[in-house]
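Common to both upcoming complexes is chain A, partnered first by chain B, then by chain C.
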Partner chain A sequence: MKTKHVWALVMPALLLFVLIFLVPFLLLIVKSFQTYVPGTLISDSSFTWENYTQLFSDGYYFKIYYRTIRIAVISTLAVLVLSYPLSIFLSSMNAKVRGVFMTISILPMIGGAMIQTMGWFAMLMRYGTINSFLLGLHIIKDPIQFLGTELGVIIGLVQSFLPMMIYPLVSSLLAIDREIYDSARTLGARPPKIFFSVTIPLSAPGAMAGAILVFMACLTSFVTPSSLGQGKIQVFGTYAYQQAIQVMNWPFSSSYAIFFILSMGIVVLALNLLARGLRRKRCGSM
Partner chain B sequence: MRRVLFVLVMLSLLCFPLVAGGTTEKTSSADRIAKADEGLDQQTKDFLEDKDFSNQTLVVGVWGGVIEDIIRETIVPSLEARGAKVELLLGGTGDRMAKIYVERNNPTMDICYLNLYECQQAMNDGVTEIPGNKIPAYDDLYPQAQIGGYGMSFMGLGIAYNPDFFDSPPEWKDLWKPEYKGKIGFPTYPGSEGEAFLAIAAILASGDEYNEEAGFQKLQELLPAPLFYTNLDELFMMMTKGDIVAAPVISGYAWTYLDKGMNVAFSWPTEVGTVKMMDVLTIVKNNKHPELADAWTQLALSPRTQKAYAERIYFGPTNSKVVLEGEVAERNVYGEKVDRLIDLDWLHIIDSRSERTLRWNKDVVEYR
Partner chain C sequence: MWKHVNRVLSWLILLFMLAPIIIIFLNSFNSSRFFSFPPDGFTLEWYRRFLENNEYRKAIGISTELAFSAVILALSVGIPSAYALFKWDSSKRSILQAVFLSPLMLPGIVWAIGLIQYYSMMGLLGSFIGLVCAHAIIIIPYVIRLVTASLCYLDEDTEHAARTLGATPVKTFFSVTLPAIKPGIIISGIFGFMISFTDVVIATFIAGSKYITYPVRMYVELRTEGLDPLAVAVSAAIMFVIIIIALLAEKSLSWSKYL
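So, the complex of A and B:
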């Protein structure tokens, strides 16, 4: 096929991308160099670097940055650990039953982040389902504070993004040739050894793809940290919201968003390269 | 022959509802207006007389929930009966502010409900109209409600508290009693409640609402905060259980929770005072449906709508013609309570909001 035709294939997506992402993004860049004038919301359009220098002049922004990444890393690892056994279980089923279970696993996503978070809110409250249950069984004496803590936010994120990991992981587990397991067993490998030397390396690209999706979703999450964090856990999403929608300092919030998107873009690019490396290694070893 | 008869019968059956429909529609238009206007005051009836809003759609940005229900029952029917369509854009104030600013040269929203603190800024920026007596009900508004737009309802920031911990309704200074340290619920910042709480702390500490340094230091004495409330269910649940003894809350919200059977009470502080809160109806400048927007505004300020706000969510009337009695009068900012409210310098608060937010984030939220 000629290159000209190939371009025609991407046109619809490209058009949409330019219209709903690129154009607003460029406007955001323009805004980020304008000056916020206290007392009015009409920003001064003269050029300034000040919004960017402010980002580096105060350690507070670094703190939010660090916390956002920390929460995303912990949540992604937790998702990874939880979804491996689940995915192995799913991949061992026959195709029809697996279809049903996969659908069930993705079902909570239909409700969207808001509904799920409301559910968690009710469960994690000081006198919510979980605490009442534990108090009722006399396992704890005082209610555990989940809401307004990083733990609460992480619980919410892990649950909502689990399906993003399960799907790529299950398909990469299914792609592993069953005979490799048989060979490993024949050679005397016990299940843990098989898991660490066969399953993990061969499914790593799928896990990596899932991890990137989950990590990105955690970094940019807003509903979960703002609701379960109760205004105490400032992360990128909640801080951008505070600056743009509550303080209405649009120039500064633009520069904040641009800086965050660019720096996160670099991190994700690095992860993608790592994932490619893993795939190469896998191909090379076989 | 039978076939012809059949066709004739069918035709007449078909025509009957058309004819009947035609006649009922004519009478129903006046009927619908009469029905929709039931209980409306004469001033509003006169203002709306002979108005026809056919083929016009009014876009109104407003909060959802019970406010939406009230609006749909008290304002929308009278306009729909006159041919108008109404589209409600439900959501928070921040989204609406962004929309009217972005679209300020070509607005799609006609009516925009804002809070007291941002409405003056929007008006000064030329995004919303300066209020005036082209709306007859404007002259009936208390002077305190003629600022930054058409004041829709009064509320007061007072103290919601658990009565088991207080012998008498607390004053602001009582929140600083050592035994309550770590048990005072905090509002979030920026926002009316958080900004007013900071001002109260500043006044208590230094007698000067502009002294934010003193205010922040005073607030820190209350920390750690058990909760920055974004959700009143949780605040009042924790208050009922005694994990929080008191918190600055807007009067109307507190009373609706009292109705839900929570063990909470509300105090209108008199020392320093109860801080004036107000939701404000603004008409977007250069909007496409000026006549319809004016009609909406008149209906919103009319005693019928204002009374519904007061009775159902304890949002006190800004129209001085509204009469409330008994418990409803007690729970609303009404009568002499209107004059006792203290007003803050919201324009100053807005000017310093960006810096204060950073400070609040660092010194209050991140306090460990």
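So, the complex of A and C:
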């Protein structure tokens, strides 16, 4: 195809991307160096570093930062542990049945964050499903507090983002040559041994890809921590929302978002390089 | 033995993943307001109230209209781009593809903070067109990815044959290429619709007060008033439709292979 024609066909989408996607990001950078004038949406346009220095002046931001990362790490590890048994089960099915089950396991994502959150809310409430069940069986005396705790938020995040791990993991499990399992078995390896020395190393690239997606999604999640945390669990997403929508301090929320995304970008980049290393090592050893 | 252990574990994990959806369905028929377990009794009261409630019907109407418009916009700019990029032998191709896929990597909430400032400058904050454009941006990556995947299955010889037999490029596109990439178009359309229809983050940032979509309405209510059985019934009804569409898409197009 001629270059001229390509540009003509690409132009509408490109224009939309520049206007709606690229320009807002540039504006975010520009605004982060301006000064907030309380009560107005128009900021003082003179250049300042103040929004960034403010981030380091107060331990409060560090606390939010640390809590966000802690919740994301715990949730990602939980997703990793839970996704292996299910992914192995899914990859052992025949293609038709697997398709149906893969569709069922993506429902937490396509159903939307709101429906998942509402379901958890009904279950985790003070006298909700789980507490009334446990009270009814006399397992507990007083209702357990789930809402407004980190545990509640983590439960919600793990459930919502499991599909993100399952998809790449199943495809990397399916790519493993069946004969490797057969030879491992013939050589007398027991299933746990096969799992740790065949399945895990060979599916590590898929697991890593999934883990990066889940980690990013947890770091920047907003609906789950806000609804299940009930305003008590302040993380990056909820604090950014508070500053941008409730306080309307757009210059500060811009610098906050940029700082967060740049520092996380470095972590994710490092994880990506690690994932690439895993892939290379795997090919080198075979 | 290990196989059975793994199977039992898998079913438990699946139950955990689907627990919120199952609870939403069960509680939509629960006559107790407090989501007790076991349920107090069976009722269709919440569904009856849903049918009488104009607020929710209006919010669902807005969400449907928005999702439909965003998908149409995303497909009409996304399909030509995917096609052109696929046929283009240039090193610039991968750069442009990366640009169109970038909304998948960059977190929506960071973009939304930029978008709210930009829209307020342009007078687009709270406008319908603003919402449509924003949602189209998050749908386009899926259109590009899925249409490109279907193009990979297209036999280029068929296109050549059509051209040799005298078909114009436009006619070739509509009678050879388009039918071949139909699965990619339909799946990205359905998936895009669901993304737009269920989005909370982008919509809460830029929606304003005139076009309140149904998930935003639910979010605001849940945060301010707690859980309302009526909202549970609405969610159950919507989830039911989503499940049916997803299973049909799997049965007729095996969509899970593309996602």
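Keep in mind that, in the parts below, the second predicted complex is superposed on the first by the 263 of 286 C-alpha atoms of A that agree within 3 Å, B and C clash if a C-alpha of one lies under 4 Å from a C-alpha of the other, contacts with A are read in each partner's own complex, and residues count from 1 in each chain.
Please note the rule applied: a residue touches a chain if its C-beta (ideal position, glycine included) is under 8 Å from a C-beta of that chain, and two chains touch if they have at least 3 such contacts.
Keep in mind that this is a model prediction, so the values were computed, not measured.
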Assess the superposed three-chain arrangement around chain A: do chain B and chain C clash, or do they fit? clash
Would you sort A:F252 into first (chain B), second (chain C), both or neither based on which partner it touches? first
Under the stated touch criterion, which partner chain does A:G237 make contact with: chain B (first), chain C (second), both, or neither? second
Based on the superposed arrangement, let me know which partner A:M216 touches: chain B (first), chain C (second), both, or neither? second
Examine A:F121 and indicate which partner it touches, taking first as chain B and second as chain C; both and neither are also allowed. both
Contact-wise, after the overlay, does A:T129 reach chain B, chain C, both or neither (first, second, both, neither)? second
Quick check for you: in the superposed arrangement, does A:L107 touch first (chain B), second (chain C), both or neither? second
Looking at the overlay, does A:S46 come into contact with chain B only (first), chain C only (second), both, or neither? neither
If we overlay the two complexes on their shared chain A, which of chain B and chain C does A:T186 touch? Say first, second, both or neither. neither
Per the contact definition in the header, classify A:S226: touching chain B only (first), chain C only (second), both, or neither. both
Looking at chain A, does chain B or chain C touch a larger number of its residues? C
If the shared chain A is used to align the two complexes, which stretch of chain B, 8-16, 26-34, 44-52 or 98-106, clashes with chain C? 98-106
Go through chain A and flag every residue that touches chain B in one model and chain C in the other. 41, 121, 125, 127, 226-227, 231, 244-245, 250
Touching residues (chain side chain B, partner chain A) in the complex: 92, 94-95, 97-98, 101, 121-122, 124-125, 188, 190-191, 227-231, 234, 237-238, 241, 243, 347, 350-354, 357-358, 361-362, 365-366
Please name which positions on chain C make contact with chain A in the complex. 2-3, 6-7, 9-10, 13-14, 16-24, 27, 34-38, 73, 76-78, 80-81, 83-85, 87-88, 90, 96, 99-100, 102-103, 105-118, 120-121, 133-134, 136-137, 140, 191, 194, 197-201, 204-205, 215, 218-219, 222-223, 226-227, 231-232, 235, 238-239, 242-243, 246-247, 249-250, 254-257, 259
The residues of chain A that touch chain C in their complex are 1, 3, 5-6, 9-10, 12-14, 16-17, 19-21, 23-28, 31, 41, 82-83, 85-86, 88-90, 98-100, 102-108, 110-123, 125, 127-130, 132-133, 136, 159, 162-163, 167, 191-192, 216, 219-220, 222-223, 226-227, 231, 236-237, 240-241, 244-245, 250, 253-254, 257-258, 260-261
Per the touch rule above, chain A residues touching chain B in the complex are 36, 38-42, 58, 60, 63, 121, 125-127, 147-148, 226-227, 230-232, 234, 242-250, 252
